[in-house]
Amino acid sequence: MMAQVVEQERLTRDVFRLWIEMEHDAPWSPGQFFHVRVGEGLDHVLRRPISLSEAVSDRRFALVYRVMGAGTRWLAGRRPGSALDVLGPLGRGFPLHPGDERVLVIGGGVGVPPLIQLAREVRRRGVEVAAVIGFREARDVMLVDELATLGPVHLLTEDGSAGMPGRVTDALGEDFLRGADRFYACGPSPMLQAVQGKLSGHLPGYLSLEERMGCGIGVCMGCVHPIRGGDGSPVYRRVCADGPVFPAEEVAFS
Amino acid sequence: MMAQVVEQERLTRDVFRLWIEMEHDAPWSPGQFFHVRVGEGLDHVLRRPISLSEAVSDRRFALVYRVMGAGTRWLAGRRPGSALDVLGPLGRGFPLHPGDERVLVIGGGVGVPPLIQLAREVRRRGVEVAAVIGFREARDVMLVDELATLGPVHLLTEDGSAGMPGRVTDALGEDFLRGADRFYACGPSPMLQAVQGKLSGHLPGYLSLEERMGCGIGVCMGCVHPIRGGDGSPVYRRVCADGPVFPAEEVAFS
Amino acid sequence: MMDVDLSVELAGIRLHNPVMPASGCFSYGREMSRWYDLSRLGAIVVKGTTLELRPGNPTPRVAETPSGMLNAIGLQNPGVDRVIAEELPALRQYGVPVIVNVAGSVVEEYVETARRLSGSRDVAALELNISCPNVRCGGMHFGTDPDMAAEVTAAVKAVSRVPVFVKLSPNVTDIVALAQAVERAGADGLSMINTLVGMRIDIERRRPILANFFGGLSGPAIKPVALRMIYEVSRVVRIPIIGMGGITSGEDAVEFFMAGASAVAVGTANFIKPTACVDILDELAAWCRNHGVRAVRELIGAAQKGWNQ
Amino acid sequence: MMDVDLSVELAGIRLHNPVMPASGCFSYGREMSRWYDLSRLGAIVVKGTTLELRPGNPTPRVAETPSGMLNAIGLQNPGVDRVIAEELPALRQYGVPVIVNVAGSVVEEYVETARRLSGSRDVAALELNISCPNVRCGGMHFGTDPDMAAEVTAAVKAVSRVPVFVKLSPNVTDIVALAQAVERAGADGLSMINTLVGMRIDIERRRPILANFFGGLSGPAIKPVALRMIYEVSRVVRIPIIGMGGITSGEDAVEFFMAGASAVAVGTANFIKPTACVDILDELAAWCRNHGVRAVRELIGAAQKGWNQ
């Protein structure tokens, strides 16, 4: 599917927010992702998965990405007006639960962007949102304003150069959890594992996982993660099609 | 070496003239070529050889090319202001002979462009130039005006839809050759072979050859053509470094 | 507009066109049916299926390479009985032949899987993936030894009621010897090529990217190797070849036909674009029309006559 | 700015840095010296040289493939005596070791060529290209049979006064067996990999693009195959490996070191950019600096320890 680049904003030294406009309306939910074709010609045969960060209509979306390698570097070079080949939104996003009154969104690094639209959807339903977000250092901090309009934001950096020193789990004390109905977390694997360790048994929630992907549409079995089934034993399920969001208690880490 | 695209003109439905400006002055002579990097990333590891067609200074050159495959298609998409990675001018161009009074330039299809600057250099030395140029059909005809300012132009098309019907060799009658000191020919191999057949023994001249190239700078031995040495037996010589222009009588066709 | 006859015959199976997905790049079809009408395919080739459920390898399972990719999925599949019961019936509605890719670690496993599959009315043909390591022979691959390849082929042929294609591994010194061995053993056709063994290293972490260290290289990068092997093999065997390895366009498909393939399969290109198979089919038909080719069959082996002739 | 020690030792030869051109992509150096100062190279590896002059193959000799190229040059070279007399002396001025790639069709030809070369003061080492077809064995390649590979290695070792590297062909089922055979036969080092055999078809003309039909596939496309083979081989041999196959950047070079190479050679990338070798060297040094690597030697085999460790 072809989309058009509407805007390219730099958020930090290596993170960009790309606004795209799809040709047609597309159903979406927070936590889904786009599978983005990068480069020209046949050099790059794999698309890059980037989460939906914001949706201002059913066809205008923001993708926030960190420049990591060749593909995201190429992406950062796209200018407004140029065409972008994207599949999506794909996967299963964050399920919202009627009856929730207060939820926590927990994000680390480029795991923060998908929480923006999630927090908006939650607020729209009148649910309170508190955000706990962590970055490496002050110059990596982003999207605080976007979250601050929706509820309290607890900012941490590993070196303490902005917000509180520490990692997101350091903010998840018992006091803080009191009154929360659910959490939603997105970030690097070690963070998700720590969050799971801290919150399991205390608060139900969801983790949005990352795995290297082939197809992005569920046919190659490239992106699997061990997920506990009904009998508690982990089976490989597809992050792209069965996820990327899974109930936190079902996610197994090796 | 990086050059900048200055202008991209469409000459026929599938032929374009690309004006480039080099970063630094570069020595050049008509008949030399540029080895042009195409595409982004690593998809295309081979450069494309395109002849110098015009030089308006020691750093501003025109390249005229037909869109054949992926590389030239990419080239046709370059817009003014974009950077182009070119090596060159490379190879040995058309030698000019002091004392010549009248020369013929003979070109077919995209073999015509390199003759423009050659004809200009020749005229600048006060030598008369007559051009014989052939194309498939009327819609392929190009560069007649450029040549017409320098001397008489004999235009042929295979189907007779413009100029005289026939091929360039049909124009090379005895009357026509009278008074000529030398010829310079550029075009597809079968044309060069026919020109050689017609003119050898009558008129000395040069052929500009085409072969698929690897390096373009003489190190890979990819682009060789059989050239008769001192003893008359053909040896493979490099079109990129020893040519592309060779004395007509030395070129062997298999 | 000229009508191009796209049909081909493969070991007695008539395909209304010669384009199919390559095994492992299409799962069992369910997800792909959201992207286009699967009845447009010449055939459907499903994921490598084993006797028992296989969980597959740990992740990362995929890595990108220049114009290609590595995969080490490790044959994750629910096992042959669930495939027959739960996956294949859903493909009936498309009315195209279904080819099931069969894998195993010992001959008996291939045989039993093949026996069960060939008993299903939903299976039109089998494709033996002999690139898997043979656990009995210390992990040596069936696909690299002509005798072992012939043995497994003959054993499967003995129980199969449907045609058997053997999928050759390119990681061999002499692909022709392998092809001839399985032809003699009764193979009804060949699929070539499977992936080349490769690896990538994550230089930041100083370890292989794939958890399995090595993986199978596929995509445009391997196209020249596939064409060469098909060209060599099609000269000497009489059974048809399903060609694959880096096909991403109609012109690529034409190249494979001219090299000697009778049909083509599309793998990695599905990841570039979910509609790759049908797009390639459309481009192939258009190419034939523009080149006055009335039947795609005419292209098979067209470049065999070679150069300067 | 940290000073990175780029030197490596290869079979007793000390290189001031580990980057050299790959044979056949540098001719005998004369043309390249117009693009940069050749003394910046770790070593110079020249074109495949045979006993007698070889005219090479008819054209087209090269074709492009996705992220790669095919070549069928056919070893065009002026013969060993003219190489010694006319080409090598010009390389003295650069003060870097010169490695001459040696090819032949029968063992005696390798031996005689090697004998003459090793008698030249301009030659620091030989690199045996055993991918050429052996005319005695019906065109079978020396490089695909461990016994033949060992035989030619031992025979050349017996006459050579300089270290002998054996350049392995990747077109084999078992690269490790080949490597071990030549190591046992006395090879001082290995070069890997040579090109994969491939082809392209000109679909307009319905014939192979290359006049020779088949050619050698090189460039980024083959990098994963090269890395895998080097990784497998370096685990089991004690002799150093010159790694090559698709290196186009300093990071690629790092990948090769981590896979187990002790030095790297750059082939096809020279066609992308004439200054490829020195650009890659600069990028390698910068990478080491940015990663606190004091000596490039530390990287050799760094990914051998593997995953999850």
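First chain written, first letter: the chains are A, B, C and D, and each begins at residue 1.
To be clear about the criterion, contacts are C-beta pairs under 8 Å (C-beta built on N, C-alpha and C of every residue); 3 or more make two chains touch, one makes a residue touch a chain.
Source: prediction; values computed, not measured.
Engineer: Between subunit A and subunit C, which partner chains are common?
Structural biologist: B, D
Engineer: In terms of CA centroid distance, which chain is the most far removed from subunit C?
Structural biologist: For subunit C, the chain whose C-alpha mean is farthest off is B.
Engineer: Any idea how many Å lie between the Cα centroids of subunit C and subunit D?
Structural biologist: Here subunit C and subunit D have centroids separated by 33 Å.
Engineer: Cα centroid separation between subunit B and subunit C, in whole Å?
Structural biologist: Comparing mean C-alpha positions, subunit C is 46 Å from subunit B.
Engineer: Express in whole angstrom the distance between the two chain centres, defined as the mean CA positions of subunit B and subunit D.
Structural biologist: The separation of the two C-alpha centroids amounts to 36 Å.
Engineer: Among the residues of subunit D, which are close enough to touch at least two other chains?
Structural biologist: 66-68, 219-220
Engineer: Which residues of subunit A are in contact with two or more other chains?
Structural biologist: As it turns out, subunit A has residues touching two or more other chains at 41-44.
Engineer: Chain contact graph: line, ring, star, complete or other?
Structural biologist: If you draw each chain as a dot and join those that touch, every dot ends up joined to every other.
Engineer: Which of the residues in subunit D come into contact with subunit A in the complex?
Structural biologist: Result: residues 66-67 of subunit D touch subunit A.
Engineer: Which bits of subunit B are touching subunit D when the two form their complex?
Structural biologist: Checking each residue of subunit B against subunit D gives 37, 42-47, 87, 211-225, 235-236, 241, 254.
Engineer: Across the complex, what residues on subunit B touch subunit C?
Structural biologist: These residues of subunit B touch subunit C: 41-43.
Engineer: Would you mind writing out the residues of subunit B in touch with subunit A in their complex?
Structural biologist: Interface residues on subunit B, with respect to subunit A: 39-44, 70, 74.
Engineer: List the residues on subunit D that touch subunit C in their complex, please.
Structural biologist: These residues of subunit D touch subunit C: 65-68, 70, 144, 171-174, 196-203, 206-208, 210-211, 213-214, 217, 219-225, 227-228, 231, 246, 251, 254-255, 258-259, 302-303, 305-309.
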